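Look at the two complexes coming up: chain A is in both, with chain B in one and chain C in the other.
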Partner chain A sequence: MTATTPTQSRSSGAYFRPDVATQWQLMWRRFRRHHMAMAGLAILGLLILIALFAEIIAPYQASQRNTRYLASGPMAIHVVDDQGNFHRPFVYAQVNKRDPVTLRMTAVEDRTRIWPIAFFVRGTPYELWGLIPTDIHLFGVEGGFVHLFGTDTLGRDLFSRTMYATRISLSIGLVGVLVSFIVGTIVGGIAGYFGGTVDFVIMRIIEFKRSIPTLPLWLALSAALPRDWSSLQIYVAITLLLALIGWTHLARTVRSKLLALREEEFVIAARLAGCSDARLIWRHLLPSFMSFLIVDVTIAFPEVLLAETSLSFLGLGLREPVESWGVLLYAAQNIRSIAHLPWLLIPGAFVIFAALAFNFLGDGLRDAADPYTK
Partner chain B sequence: MSTLLSIENLEVHFPIRRGATFGRTTGYVRAVDGASLEIRRGETLGLVGESGSGKTTLGRAMLRVVEPTGGRITLHLEGGSNVDLRTVDRVELRRLWRHMQLIFQDPYASLNPRMTVRDIIGESLLVHGIAKGAELEERVVEVIRRCGLDAEHLGRYPHAFSGGQRQRISIARALILQPEFIVCDEPISALDVSIQAQILNLLKSLQQELGLTYLFIAHDLAAVAYACDRVAVMYLGQIVEMAETQKLYYTPKHPYTEALMSAIPVPDPDARLKPVLLPGERPDPANPPPGCRFHTRCRYADAKCRTEMPALAPIDDGHLVACHHAGSLTLQGAREQADALATA
Partner chain C sequence: MLRFLTQRLLGMALTLWLVSIVAFVVIQLPPGDFAEAYLTEKQQSGAVLTQEEIAQMRQFLGTDRPWHEQYVTWFSDIVLRGNFGHSFEWKRPVADVIGERLPFTLALAFATLGFMYAVALPIGIYSAVRQYSLADHTFSFLGYVGLATPNFLLALVLMYLGQQWFGQSVGGLFSPQYEEAPWSWAKFADFLQHLWVPVIVLGTSGTAFLVRSMRALVLDELGKMYVVAARAAGLSPLKLLIKYPVRMALNPIVATLGWRLTFVISGAPIVGVVMSLPDTGPLFLHSLLNQDMPLAGAMVFIYCALTIIGTVISDVLLAVLDPRIKMA
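Let's turn to the complex of A and B:
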């Protein structure tokens, strides 16, 4: 690229833009000042990274059992040992001992030996995204094992399972929101743009759907899914189920915005210019309220996420061997788990963080998209 | 001069619904209720009247931006073929809009804030498949220069412009398809007085260069006198008087026009205006009075006015008026008002 002076580009008639901030630039400026929203964005970024690279970040496979460390708690990371010597981060070695009272085999720290944590170690082989065969993991210990969040009664690493569950839970949210976004925009668009009888019929259908309480509806529908479906089929079905119930809110937003915008003078001008209905909607109407839609979507996201979690928690959503936050929490339902294996609740923290992050993000976006804030 | 567009008994009735969803139509707002007029090729026809008299609705119904509920609109195209504008389908209408355009009152609402000036002005060339790329750029630059803006403005967004500049963009957008007829819907009402004159002069010079025909909707009577060849006066959805500007201003034949003319402000702080004050309020267009629409506020009204609606009829050459007493009344025009002020 050669540098051109403004006069040159002016005379050449090239696309010359002086310092004009676009709508999105203005929004980004306002958004950056919203600290909670920026924090939300950072957390979401982290969660998305986890979802993308779950296999690498997780030191073990989700279903891999470690019989030497059953139902045991999170292992602490140290840098200073009992003798006061500094090391690279390490965990103490674990040995199995029989508890003298309960006579159960339990894992106990052997504070004389350490297992140093190494990065990018070779571990269990896997295929990244089902494509690239490799055995590199982000971290791990050689000659021992590391369970940052502890293990469940079968000895599966909770940290690894949470990483995999992040992928499933986020993707359900993403696909669910995407499908409801598309359906909502199209249905609401038809209702709002054409109005009249079409609008009337669509709105009555939406009202009827909204009059049914969501949770019982989800329960009924997901209970109706055949028991012999594979976990993948169930996963797809649940995603669509959540999406097909969530679109109504969005459809109403789109409709009301369209009804208001339809009479705007710049829309009439575009009609007079000869724009077709499709061009009018895509080029003039949709961009005018896209910012509102994005806000709506960020707020719809935790709803889908929580819906999936609560369904799975109740045992009607996803089922093992598919991991999701809800499936993991399903294991932490009874008082025995909470009393003896409290670390099984850790995935709940992920749910809370994700939902909060989305809400803060939506908050920040709403403020940023509102042209009347200073 | 030949007729470009004529409307006969045009009606635009908006239904009033009671109840949110299963509402019954309980009545109609008669925004335009039997208006007739003819627009001649190359002229500027003024359309005046108080707020809510239906000027804007009439202007839009003429282009079928608002759907009329009754009456006829006939477009007389170059070459003698007539088009019944009320019966054409949407595809044909879109094609006909190349001949007819609209300039809006509010230059802030009429430009899409998310599009650059280039896209706003060039859009119709694109959607009609007339030009694209470099050719489109060329034509947009040509029209924007005509309207007093510069090629360097093309990449900017509307918010970077002042009201007057925005109105120039709006005019450029209306001109790009080289229409014959432009409805100017209060194009200067939202502008500063100093800018108003600029825009008026721009419209005038464009008319001379391009042979345009305007319907000029306004309530600023001084601007209308300056800009228009003929003027139509609207009251409660009907045309009550139509004549050449001079005739209408100086020898009004309708009592409502008289009242309007007496209300023209005079740029003299010491002048004591003696406007013809109309008693009462403008009646509700959903429930217009029987007979002459104006009889509730007319000081000359008699029994006939209360029962029989006067038709718009010629009183002398090219002077149409809808009043039973048009022939017998001696009414004050703008000049008498001015003279009275001068002597006072």
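Let's turn to the complex of A and C:
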């Protein structure tokens, strides 16, 4: 496979310096034309930023309770108040009143007072990445509180928790996909490179895996994890379990590409030059279909993400205090809580956006992976 | 044909056997056995059990024997006597507990399969013929969203909307007055009225996937020379479309029926749980949460067996329909 292709000069006779683009540059050019994929990339970038700087973006700690705003809905951001005056973004102040019917304390908007939203305010102290002690938050209000996504029955800020959950959900997906990438490449590599009986056995195993319904099996396996494990141990175990989902696609891709490439002349040449098997695979074969692998990885990501969300939603995945989007959705498990606290479904939107972004990205990458085809 | 059939059946038997091992491993995974769990439960409520009673219990349940002997007993009981063991939770034979609810799972699965194909094929064909039209873009966007939405989230949203608009729960498979009633036409009609919500929930992502593949396949066929030739020969567009490209495109779609079934069965438990259907989903989840492993293992085995048998049946049907497949 040639890495560069000189473009042909149309103006015959004139001196022409060939404009050389590497394969990756060609792929990027093609990728940029795919608008949906670019949108996916943007959403993904945003989610990654959230995951990296969750502590700063979240105005509160995930476990922090606000007893003055229990089980109440999202607070709307306004710029114009009731008198028609223009302000910088603000939320109305909240006061606690006793409900005359249920006699419970509820938060009610006080439309005469406003809490302006300020940026880079001092709030709850925390340690950024567990290293840097600080108390700067991206936004907040002074003298009051702000809950953009509302709170749960304990008064925990759903927005902050969703920000922290983004970190967990993405990291699970990332690690899960990384492990399945390694497993898939090795297994598929062995099958495709050696062929014959090894290939036959591995392909039967993959077929077997495809023929069984995975989710019930995953549910059963994660239910079998010991009850006394810490939430961190559970996190590791669930990640590894989920990694087992994605590897078959990758293994198949690697295998079929290897089988096709095995007969290519550059492979024979490398072999005649005395390359070891490992060097041949890693230095010559893998780079020539790396782009296809990246596509498969992108497509495997939402699978892992959705599987984790489903497991956690059913209460068989991660557990508090390790919170993913699925763990947050666990609170919205029955119709009664959704009817009263519908905003608990908001983390679900993040799941959909993340999965959409990866699907778009995967599509764009698939088109770009082979820049030489029309 | 006979050779093909025996080959497939042998393969199926082998896969079922492998699945039984997986299910048995699931049963054995949690540390401790039922006797131990029972002991802690009793101790918490203050009752005293002697060591002897525990030993007797182990002997009765067979959990004192090595695992391979337990496996042989467990598997031969299933194959020879249809006995899946005894549920700790329900204190009844597992086969009875599952038997009551399995028909609903099957009904849901097949209705969903039917729904998926009935909706996806026309949309896929239309999108291919009217490529890049407004409808095509709309359908493909909906398809993307459908693929990205977890089943349970769709169920939750539908249930919330149902609550808001109709003021009633859309969960379950029967209206309250029919829940305990014996089967009648009225009950059946009521059942059908309730069935469509879980069918949509379970079928959406599969439908989205099918639309995409059908669209791609028809597009591939439409670009081929024989279509141009047929059009030049004056065949009417609709007749041409149905008779040739669609027929060609259908083959790979039908051939993957088994995978679609696997997909549906895999998603069914969660939908069952969220919408509180009287099918095997809640049963399965409950058994997992309570570590009622004989029931859970049996469910894993049954879910797998359903898809494996379904796949073989679809393979055989396909071979009957399309004689070229036997060679492969």
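Note that the second predicted complex is superposed on the first by the 350 of 374 C-alpha atoms of A that agree within 3 Å, B and C clash if a C-alpha of one lies under 4 Å from a C-alpha of the other, contacts with A are read in each partner's own complex, and residues count from 1 in each chain.
To be clear about the criterion, contacts are C-beta pairs under 8 Å (C-beta built on N, C-alpha and C of every residue); 3 or more make two chains touch, one makes a residue touch a chain.
Computed from a predicted model, the values in this text were never measured in an experiment.
**Student:** More chain A residues touched by chain B or by chain C?
**Tutor:** Answer, by number of touched residues of chain A: C.
**Student:** Should A:Pro342 be classified as contacting the first partner (chain B), the second (chain C), both, or neither?
**Tutor:** Touch status of A:Pro342: second partner only.
**Student:** Quick check on the superposed pair: does A:Ala273 touch chain B, chain C, both, or neither? Answer first, second, both or neither.
**Tutor:** A:Ala273 contacts chain B only, not chain C.
**Student:** Contact-wise, after the overlay, does A:Ile212 reach chain B, chain C, both or neither (first, second, both, neither)?
**Tutor:** In the superposed model, A:Ile212 contacts chain C only, not chain B.
**Student:** A:Asn359 contacts which: chain B (first), chain C (second), both, neither?
**Tutor:** A:Asn359 contacts chain C only, not chain B.
**Student:** In the superposed arrangement, does A:Phe120 touch chain B (first), chain C (second), both or neither?
**Tutor:** neither
**Student:** Answer with first, second, both or neither: which of chain B and chain C does A:Trp282 touch in the superposed model?
**Tutor:** neither
**Student:** What residues of chain C sit close enough to touch chain A in their complex?
**Tutor:** Residues 15, 18-19, 22, 26, 29-31, 144-145, 147-153, 156-157, 159-160, 163, 169, 171, 258-259, 262-263, 265-267, 269-270, 273-274, 284-285, 288-289, 291, 293, 296-297, 299-300, 303-304, 307-308, 311.
**Student:** If we count contacts the way the header does, which residues on chain B are in touch with chain A in the complex?
**Tutor:** 21, 60, 63, 65, 94-95, 97-98, 101-102, 104, 106, 109-116, 123-124, 127-128, 137, 141, 151-152, 154-157, 160, 170, 173, 177
**Student:** For the complex, which residues does chain A have touching chain C?
**Tutor:** Those in contact with chain C are residues 208, 210-217, 219-221, 223-224, 226, 302, 306, 309-310, 313-316, 329, 332-333, 335, 338-339, 342, 345, 348, 351-353, 355-356, 359-360.
**Student:** Taking the complex as given, what residues does chain A use to touch chain B?
**Tutor:** Touching chain B from chain A are residues 10, 13, 15-18, 20, 22-23, 200, 204, 264-266, 268-276, 279, 283-284, 287-288.
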